[in-house]
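Okay, so here's the structure we're looking at.
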Amino acid sequence: MEYLPDDKLHEECGVFGIYAPYPRQVAHDIYCGLTALQHRGQESAGISVSDTRGPMGNIATVKGMGLVSEVFDKAGINGLTGNIGVGHVRYSTTGGSLPENAQPIAMNYIKGCLALVHNGNIINAAGLKEEQMYRGQAHYTTSDSEVLAYEIISERVRSDSIEEAVKRAALKLKGGYAVIIMSPRKLVAIRDPYGIKPLALGEKDGAFILASESSAIRSAGGKLIRDVLPGEVVTVTSEGIESDRSLCGKKEAHCIFEYIYFARSDSVIDGIEVRKARFMAGQALARHDRVSADIVCGVPDSGLIAAEGYAAASGIPFNIAFHKNSYIGRSFIKPTDEERRLAVHMKLNVLDSVVRGKTIVLIDDSIVRGNTMRQLIEMLRASGATGVHVRISSPPFLYPCYYGTDVPSKGQLIASEHSTDEVRERIGADSLAYLRPEDLGEMAPGLSLCSACFDNDYPVL
Amino acid sequence: MEYLPDDKLHEECGVFGIYAPYPRQVAHDIYCGLTALQHRGQESAGISVSDTRGPMGNIATVKGMGLVSEVFDKAGINGLTGNIGVGHVRYSTTGGSLPENAQPIAMNYIKGCLALVHNGNIINAAGLKEEQMYRGQAHYTTSDSEVLAYEIISERVRSDSIEEAVKRAALKLKGGYAVIIMSPRKLVAIRDPYGIKPLALGEKDGAFILASESSAIRSAGGKLIRDVLPGEVVTVTSEGIESDRSLCGKKEAHCIFEYIYFARSDSVIDGIEVRKARFMAGQALARHDRVSADIVCGVPDSGLIAAEGYAAASGIPFNIAFHKNSYIGRSFIKPTDEERRLAVHMKLNVLDSVVRGKTIVLIDDSIVRGNTMRQLIEMLRASGATGVHVRISSPPFLYPCYYGTDVPSKGQLIASEHSTDEVRERIGADSLAYLRPEDLGEMAPGLSLCSACFDNDYPVL
Amino acid sequence: MEYLPDDKLHEECGVFGIYAPYPRQVAHDIYCGLTALQHRGQESAGISVSDTRGPMGNIATVKGMGLVSEVFDKAGINGLTGNIGVGHVRYSTTGGSLPENAQPIAMNYIKGCLALVHNGNIINAAGLKEEQMYRGQAHYTTSDSEVLAYEIISERVRSDSIEEAVKRAALKLKGGYAVIIMSPRKLVAIRDPYGIKPLALGEKDGAFILASESSAIRSAGGKLIRDVLPGEVVTVTSEGIESDRSLCGKKEAHCIFEYIYFARSDSVIDGIEVRKARFMAGQALARHDRVSADIVCGVPDSGLIAAEGYAAASGIPFNIAFHKNSYIGRSFIKPTDEERRLAVHMKLNVLDSVVRGKTIVLIDDSIVRGNTMRQLIEMLRASGATGVHVRISSPPFLYPCYYGTDVPSKGQLIASEHSTDEVRERIGADSLAYLRPEDLGEMAPGLSLCSACFDNDYPVL
Amino acid sequence: MEYLPDDKLHEECGVFGIYAPYPRQVAHDIYCGLTALQHRGQESAGISVSDTRGPMGNIATVKGMGLVSEVFDKAGINGLTGNIGVGHVRYSTTGGSLPENAQPIAMNYIKGCLALVHNGNIINAAGLKEEQMYRGQAHYTTSDSEVLAYEIISERVRSDSIEEAVKRAALKLKGGYAVIIMSPRKLVAIRDPYGIKPLALGEKDGAFILASESSAIRSAGGKLIRDVLPGEVVTVTSEGIESDRSLCGKKEAHCIFEYIYFARSDSVIDGIEVRKARFMAGQALARHDRVSADIVCGVPDSGLIAAEGYAAASGIPFNIAFHKNSYIGRSFIKPTDEERRLAVHMKLNVLDSVVRGKTIVLIDDSIVRGNTMRQLIEMLRASGATGVHVRISSPPFLYPCYYGTDVPSKGQLIASEHSTDEVRERIGADSLAYLRPEDLGEMAPGLSLCSACFDNDYPVL
């Protein structure tokens, strides 16, 4: 949830779609929804709506680089009329920060036009793209979302409906994905058969909403109905909702990192409250821990809830130990090493009275490179902390993700290159412990999870 | 050459390409060339250059809405390295003012990537587009240029080279066009077999240049070598220039309106100096005219040279009668009828001392709707002119253009709906005469012309 | 600390100054400091630095409307060289949102030039302004800061130094203020004799820093030395620091609202840690409270620490009950009543698992209009809270502030117009209690406070 | 009238004011008027209008860097209501390109508020400024316009009206100036007693207009009434116009350069049509010239009319020899020497057919540094001209201007440092001749002129 280069993993996207079966300017709802999903991607934002006046086949699109509030001003939103729409926020992987890659992808094709938004990663995109190119299909972007769009329109010719084409296309796709496609008359959504990526269905004033997280439905003023099922194709028309579950039934593998870090703590994903999952992780951490300390603190914002859980289970009091400055913009001045150090100071400051003379259990949700953690520990000690015991509410991060998470190269994963004790020394902690892999399941009881980044067990390759 | 809604026809585009067989930042040359071609299109501008660092298949593109000087700032141009490049300025037809339609069109396809710039119109684009869409080729724009690009990449699969694909594609195209395509290693240009649209070849510091007009080559500091021949495919590589003339040999039909109005007066097109052509048109006008007047004046800028010619042939002295304000931007305030009237006043003011007490021959290159002319005559009379005889250095504009000129609907063509005497009365002139169609040829001696807009004789349909 | 129209009071400004007795581009330090002070004002930002190349008497100024990160890009900051500088962030009162009012105020006057930044309010500004205008001094702004600047330069003629002029001017000023003035060779700061407004002195790499809050010194990489004393004039030159305390000795009256809400929780003001003050207020609240509840929650961000204190004193567990979205920009779309409701939803969402089936003590630092609180309570109940007991960590807000805080008109102060029970009913709480006025002192033991907004006892009028 | 660094002198400003004695949004009229005055200054633009809602004492101001069309968009203009207003365009002298210096200058002072626009230069501004500063009047700009404003408000205290204060202030001012001042209820204008700077009075739809040039009145849809007299104070109120001529009667000294270059050719200044003056200068040049040549050409735009006059008097035919590109923006890419050369090519191209094989008389209005002329002659020869005889329609420029014209330092004035023959050699002409000083008077028969830049005879110092 950070603006600055930091030690966190990054989700690549958030998607939002809405169908109002009556005149309604849904662009306003999408704006609210995307703002609520902004933590999933801050590089670009875009909205497409049905627009019979639109020269591009009845779909009008506005997209651009930057935050939702930067891409859309009042005039821009008000110009987007129409009762059906999709929206997207995007975080880019290294090297792919291209205006061309902003979504929605809006295309004219033989059956009319569509706009598509996508969260996730298609593992076999390269192969599909080559086949597409042999068929003469040009690519204007470097994204796998365009590959996905082409698979759908290619199937559309031999399908009776867009939703059938989506299903046929899905048979060829490997990976984790949540996709929403709009035509000028329909909204179609699909979630990958493993349920790797989240997708929720909601309702507001008689309109149906699809969104990466339930919190976006709620922030837009709506109510969560249920999650789209792994493999389910949901179609919204003026007649209401249709569900095609013929692709369902695979072994599920829900991304554990949504619970650990990506999702907003107020979201409910696949029946599990994210806040509760994080609290449970903190509790599980404490259960096997025998450290003696005065207070438990969390690294804002992501470590706070696990810290609450740890405190509840350990009996050590929970305290907020950092002030976080939320005004740090993207135009930071000198990204030199010295200033990167300063950047942490600008974002987080220690509340001295909390930590002075105290031994602290410091909880964070994960360690990727370890740089920020080292600095925070220094800051705590400078403020008078007498001991800092770091506890991570997930296991060591060891393996790459192929489903759409931006992971640094292996050499930059501190846990992959160093033993736990070496990591402890590098970050300057008095002790360091992780959540035990076997306790991961406690975060999401009854749910089948993908935890490949911890255990190398990939559901689909 | 105007900014405001006016009575002129509009060219749709200008193209520019350059290949330097050595390290050179050609984006600067393209910037100069596009600035020189700005009169051909003010809606959008774009540049693509070879860029091995580029994530989009080694071609980097910057494009946007507005003038060249608005789309590119210093930083933007300096970021575009590379020794091969193409550029484009675009004027949009009604309803097509879309950011998506800005060029160059940059695509990844099975053989790599290309960027394409296009001036002209493909008459059979709709049919080709439908075929393309049946093949699964999606369209991101509403332009025929994308149709053209798809024809080329579709042919590329069964061709040995991009230039062969361009030639094969050309066999399917009907219309007038000048196209420049760049790959990361080549520059390929083609001119339609009728030579409807202009395309010149030049040289600067060992680099080869292709441009819609010779004036752009000159403004960029280069020299005109020759015109690309109708139907010729020119390929520039590190080895130099290759010419494929196997499509040449059709009956030529060079657009007469380039000489009348579109091209800069300092350009040379197909061996004819544009300034000379306009001067000759003025002379031809005078030859059959018996009006008695004190002075000859031209409507700036396009009517000035014909007025010089008329003056030379008639012996009536030539005088500049209008001051033109070149600072009128696009953000004019109230486009109401009253303000549209004011707009002419803001752009052109009469030099009273020139016209006071004088009978004037007023020359313009063409009349489309007649609104501006009516106002100018009112202004001249208000400044004391005792008579205004309007002479138009082209025949009455009667028929639409299918080759890329933005023509108003027939009902708005004043000469199509009204007799010459009715037109005279509407614009308030004392007399009105046009260039005789049979004299058109004097503008471009020895050249085979397309004058379909005057005589309904279309070279290709 | 909010972006949207809300129920909070607003501080009007933050000031920052730095003097490096060696070549150093202090604009970078000021940028960091202002970012840390952004919560004190989001309307405009500005920086002045010494610049011998500057045409305006050796001081160069950049200022504009918006956040620090919006007003200053990298190029803008890098263009501001110089080793002495001041900066300002401003929140505007209703009606005064003028570009002209952005600070620093940079003036040329008889002794050279100066730039001034000011936090606070001069009560007798109107009278002084009239005197100034009688003397022929024109005003370019509507701010009392310009009045202040004119008093200083008026005194400068009969003073030996700028610091003497500052002191002389101060004798005429009534109100609360913290002011930093730079000449091209000096930095002079003054704090009002009552110490109403805060001003801290720090050090970084041999440079002296003055700032509204110690957290800004720390975020800029420096260390707090001490607070500037009430009435003290501090002068920084290449020789070091000089202190003139001849105006000191008045009865002090430090603004209690800095501790309650304005200041960052990581700041230390007049020896009191702000976080600790808020924690103590929470403790004091609890001490006289007999409510029975399951959990204590705070309204983010300002109520969180008091909630921690309440929890510690009451033994009721503290929990984070809201997710806060920090990506809500200023360009929110439709500021209608319905959307204003939505705005709270977009900013704060309830963490259901925390509150479901629970009776809650909900802590906030203050209630101004009561609108947000009513909505939060609705949201908590909708999420399953069985009881909501509101506790405010300050007394009822009843009287206006004359020292620079933006207070709504009396009719909008809910506590001023309604009894506590009426307020309780309007916000929909099960019970409502405030901090007792007699307990205010516990927040800042040993400090003489201004709590006029609660008790109508103004230190200076 | 140029955008690029060039060889021309620069006027520093254009002013416009309007008073409509009925509800009318005069900002639109001012926008039109300033656009017509854009040639007098392209650095900044601004408009002030009466606005009872305005927080700054009933005057609302918008100003900024750039062209009129860049500073004001539709929304900006529409936000400026009010029936009284003034506007300004500004060209800056070297080093003074400061946002602070944009006009109107809007001030609050003891009697209310005013906005002031100024063209010209106050010679004794430095002395007055020092006196003002001694009185405690701070300066926010480096311009003499602020000095002027302070003189007026200083006199206002002891005057019965703003117009009386203006007149009193004028008694202290030395220099050339045309000033318009608005209060929320009046419009007052003054022209310096020598009439150095122009100021015209006009009328449109019952509203009175004041403007630097009559062409601005006409472009805004109005009619010229007369020139403001040298020394006249004109006051416009709801009662109509009042004229105070008590300062009139000095020996007049109208700036000759308005006729030579600054003013638009369609303006009438002090009864003399500018176009006619330029035509006469060309005639006078020819009268003493015995050169034998084929054609006469002018350097666009300023040399064209003098060329017409030369042609008329000499019998040598006049021809337009250059195409001028009016699309060259301010963001030119590389201002290196090589690119500066290119810049001339981008702006002006030779029409080859006009000059090929011809001996040319090339007319320009003045030579300042000589760089552009050298290049143009090279270009003409490259296009086949067999001889180039340069004739300048003004005498050699030898002395600085103290009245508001931006003149390069003496060392850069080619005529000041070199003999006519040396200049001829440097620019590469076959011959070179200037207008004889004794013929200057022919441009403006019966008018008393300031030609100090040619003859060192300054009307006021």
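So that you can tell them apart, the chains are marked A, B, C and D in the order they are listed, and the count of residues begins at 1 in each.
Simple rule for what comes next: a residue touches a chain if its C-beta (ideal position, glycine included) is under 8 Å from a C-beta of that chain, and two chains touch if they have at least 3 such contacts.
None of the values given here were measured: they were computed from a predicted structure.
Using CA-based centroids throughout, the chain positioned farthest away from chain D is A. Look at where the CA atoms of chain C average out and do the same for chain D: the two points lie 49 Å apart. With each centre defined as the average position of its C-alpha atoms, the distance from chain A to chain C rounds to 35 Å.
If you average the CA atoms of chain B and of chain C, the two centres end up 60 Å from each other. Counting partner chains per residue, chain D shows two or more touched chains at no residue at all. Contacts between chains, counted with the stated touch criterion, involve the pairs A-B, A-C, B-D, C-D. In the complex of the two chains, the chain D residues touching chain B come out as 1, 28, 31-32, 35-36, 38-39, 42, 67-70, 72-74, 77-78, 215, 218-221, 264-266, 268, 273, 275-276, 279, 304-305, 308, 312, 317-320, 323, 325-334, 339, 342, 345-346, 349-354.
Looking at the complex, you find that chain D touches chain C at residues 55-56, 95-96, 98, 100, 106-110, 130, 132-142, 149-150, 153-154, 157.
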